[in-house]
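Each structure below appears as structure tokens.
Shared chain: subunit A. Partners: subunit B in the first complex, subunit C in the second.
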Partner chain A sequence: MSPRPEAPARTRRHLLTAAAVLFVLGLTVWSANGIGVSLVELFSNLGRMGRLIDDSFPPAWSFWPRLIKPLLETLQIAIIGTIFGSILALPLAILAARTVSPSRPLYWLNRNIMNVLRTMPDLFWAMLFASAVGFGPFAGALALTVFTVAVVSKLTSESIESIDMKLTEAVRASGGNWLETVFFSVLPQALPQYVSYVLYALELNVRASTVLGLVGAGGIGMVLNTQRTTFQYDRVTMIVLFVFLVVMLIEQLSAAARRRLV
Partner chain B sequence: MAGSPAIRFRQASVVYPSGVRGLDRLDLDIPHGDLVVIVGLSGAGKSTMLRAVNGLVTITGGDVEVEGRSVRSSRGKALRELRAGAGMIFQDYRIVRRLSVLQNVLVGRVARVPTWRQLIGMWPKEDVELAFDSLDRVGLVDRAYVKAGQLSGGQQQRVGIARALAQKPSVILADEPVASLDPVTSRRVMEDLRRINQDLGITTLVNLHFLDLAKEYAERIIGLSQGRLVFDGAGGDVTEGDFAEIYGRHMTADDVLEAQVAL
Partner chain C sequence: MSATIVARRPGMPRSLWLGLTLLILLVWSFSGLEIDGGRVAALPKTMARMFGLFFPPDVEYGRQSVVPAILESIQIAWFGTLVGAALSLPLGLLASANLFPRATRLVKPLLAAVRAVPELLLAIYFVPVVGLGAFAGTLAIGLHSIGTLGKLTADVVESMDQRPIEAVAASGGGALSVLRFAVLPQVLPEIVALWLFRFEISLRASAVLGVVGAGGIGGVLLNTLRYREFARAGAVVVLTVIVVLAIDAVSGSIRERLVRE
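Up next, the complex of A and B:
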């Protein structure tokens, strides 16, 4: 038998593990103190929570016909945001793919703008557009458009960077220009991924659009907010149930479609 | 230019950004209609030599002329024109598996058809006709509307040949066209290349690894070693001693296609 290598020293790794555990522990204590986590408060208020649950059940079943219109509006916000955002995202994704982008400065600029866009949560954009174009579903659709551009262009540009670049050489060897190279070698390879990301964005947007109303950007969230502020918890329960059903349904459909794509 | 050869290498050198020397002061004239096979070890500069002809690599010294036109000084539109005149065939086919066979062959027309027509799929009738003619030459007309990915390796390579033909090229550059194929299919593809060379008179440059195939199909054999020309002679005249010189060692079973068949 040939000689085995010596096992690496263990002390260093043990020390690192211990340091990491201590660090996480410290973080937890610091955060808990900061926000006043208190078990006493939690248990002493259990009664109030019980009353809330009492008020919330049974759900106000008869309330559902009044939910259909705002819920459709919510879906429409998500659909418009997804479609507009995805159309804008495709050219941006191509420019943001290092291996395909025709110019270095353009690539760099695009990448950084995308990163900034993505840092902002969708509710922030909704508030911004609600102030800019007025409260209502249009503000919500604009917010989701920006959100979709950020998500889809980032994911798609990464897919484009992982395609087989040898194929682009074949189009260039035939005398193809940049656009023809993109059209005949980049897009055919990246399109299935792109469509899958668009469906994924639709799922995210349907979920996001249900709460956009909380900041005045239209849809069922606005109804939810009204009922909550007037303490009609049985109606709130009905809304939550309804939203849950619809979101689940759309996610299942979209996920099934995506599985068939890739 | 009637007087100039199809391709002329004039002290052509290629040094890659990494410092690797791909081609070293190559001087060579290739007359119209020749079928020339280039042999040499991998890394000897065979691929670089072909890619210097259509400007896919940057020529850093000397020049290459195709039909009297300088490759080195061609940019933008002029370079694309030059590439359109030279059909290229690749070892790994480089066809888009998701597109149909016909669409792949139409890629050979990109430089001749306005971009907007391509983007909306409105190819002019005569270009579609030309694509079908090209498919006919490699015997694949019946597969025109099949997805290219569904074809066998040999068929995919023939789609690659049809794409090059659709360019109506004056030159065909075949970079190890049979290296990924089995012996029988290899011969079929080499026959196609020879037939096209003879029927259409297209000047053809082929990189080959197998020496017996080179001897069988080449009118002229060029030997490269470390980017330099080390052999230049008629296909029939090559001896084992010549190969030993090009390869820096004696022939082995790996260098001969027939031996692969026997294995």
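Up next, the complex of A and C:
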């Protein structure tokens, strides 16, 4: 029993830590139970893993000519999603920037809708659009458009909030209305960052577009799904390798463009 | 008048070139996907009809089938992230150029390779090994988390204050003492915040793993939509959004507190 004055604070801290540790442990045990995690199962299935590796390698090299068209479709989906999403995102970003938004309720509404949109994984959108407009690349393009709007408008609105407001004041002082402050102060200042976000969205979209086909939303993922469900893993591996080559290439190009712009 | 001023800016040719490229890409994409104006014009009506069918969501189905599946997604994300985090810590330290200048050259490319494969594709390979279900998804999330968290851990360690390392080494501490007394106390709060952030991302990833049979809510949404049971699909969408928003809010506030301290 030490009469040091900091003792109660320290005890509270220790209690808090203990509670946090217990909570984390509890959550972990609950998860492991629910999932049915078992090391025995993992190791007793090592034989199956060997067979899978046998099935997957070497990849079916001769399969590549049948991948060109779906791959181009994948890129087209990503491009349409990126361009349309980015066009729609710009006005929304201006409305969602606290410092320049013309109306409080509009700002608030827009922010919250965008937050909700962002909680949905991109494949959820793909599933919803695929069942609304039918299977195929159109559904994928729509899904990526929504996804792009959510991502780019959020990032751009943050950039707009951090621009130099003195310039905006100057435009207003010389008689400019709200639209003119947007055109002569907000956009010129935020544009380079906006373009780099668009390129970032393109990278995300190229990645996402390769798996859209798993839910029937077009692109190379549809081929992947057929080969996966028929257990032709040598072809699956070929597709995965092919996709990575292209994704890496696009990312390098986009990263180079971003470095030059910013 | 203002338009002419803009048009004479010296930067114009480059943006003109950019615009032209975009236009060509767009035309190419549209012709490739065979998207016609009629389908685009009908879009608002189609979407409104479908979302109309979502409401009111099927509450009973939500309670019986959606909630357990969402909980399973959370379990996959939590356990996968935790295992990934535990394994990523030593790997991330090994990948830090300031601590292990030689090991970093091997470990960093390794982490990049692991990171490059999305969870969904990893799950496609785990399903035939451990069977359909949540365990395959957990392994996929765990493996991917090692790649991303290992890299972020190395980033944090490389950008920390280097002086305590020298201080411990100068007073005769070995490699383990340096880790225990100089590195970990400084970087641990930030790294735990990264783990939580990763959990939020893993949750979104685990929500779609069901598409390839790796457990969680994704498979439920796929099936309800396949059989065009829209009120049930509505329950899936509404509940998923609510749960993800709530977890993001809780996790975000904990992260903020961790980094502030």
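Definition applied: the second predicted complex is superposed on the first by the 237 of 262 C-alpha atoms of A that agree within 3 Å, B and C clash if a C-alpha of one lies under 4 Å from a C-alpha of the other, contacts with A are read in each partner's own complex, and residues count from 1 in each chain.
The criterion applied here is as follows: contacts are C-beta pairs under 8 Å (C-beta built on N, C-alpha and C of every residue); 3 or more make two chains touch, one makes a residue touch a chain.
Predicted model, so just to flag it, every value in this text is computed and none were measured.
Chemist: Touching A:L123 in the superposition: subunit B (first), subunit C (second), both, neither?
Modeler: A:L123 sits against subunit C, while subunit B stays out of touch.
Chemist: Quick one: classify A:R228 as touching subunit B (first), subunit C (second), both or neither.
Modeler: A:R228: touches subunit C, not subunit B.
Chemist: So, does A:P102 touch the first partner subunit B, the second partner subunit C, both, or neither?
Modeler: So A:P102 meets neither subunit B nor subunit C here.
Chemist: As a test of reading the superposition: which chain, subunit B or subunit C, is in touch with more residues of subunit A?
Modeler: After superposition, C is the partner touching more of subunit A.
Chemist: Give one of first, second, both or neither to describe whether A:S185 is in contact with subunit B, with subunit C, with both, or with none.
Modeler: Touch partner of A:S185: subunit B, not subunit C.
Chemist: Check whether A:A173 is in contact with subunit B, with subunit C, with both or with neither, and answer first, second, both or neither.
Modeler: The first partner, subunit B, only.
Chemist: When the two structures are overlaid on chain A, which partner does A:A132 contact: first (subunit B), second (subunit C), both, or neither?
Modeler: The second partner, subunit C, only.
Chemist: Both subunit B and subunit C contact which residues of subunit A?
Modeler: On subunit A, the residues that contact subunit B in one structure and subunit C in the other are 183.
Chemist: Within the complex, which stretch of subunit C touches subunit A?
Modeler: The contact residues of subunit C facing subunit A are 2, 22, 25-26, 28-30, 32-33, 35, 39, 43, 46-47, 50, 71-72, 74-76, 78-79, 82, 116-118, 120-121, 124-125, 128-131, 133-135, 138-139, 204-205, 207-208, 211-212, 215, 218, 221-222, 225-226, 228, 233, 237, 240-241, 244-245, 248.
Chemist: Using the touch rule from the top, collect the residues of subunit A that touch subunit C in their complex.
Modeler: 27-28, 30-32, 34-38, 41-42, 45, 48-49, 52, 56, 72-73, 75-77, 79-80, 83, 115-116, 119-121, 123-124, 127-128, 130-133, 137-138, 141-142, 183, 207, 211, 214-215, 218, 224, 228, 231, 233, 236, 240, 244, 247-248
Chemist: Where on subunit A is subunit B touching in the complex?
Modeler: Those in contact with subunit B are residues 166-167, 169-177, 179-180, 183-185, 188-189, 191-192.
Chemist: Where on subunit B is subunit A touching in the complex?
Modeler: Touch list, subunit B to subunit A: 54, 56, 80-88, 90, 92, 94-96, 98-99, 103, 107-111, 115, 118-119, 160, 163-164, 167.
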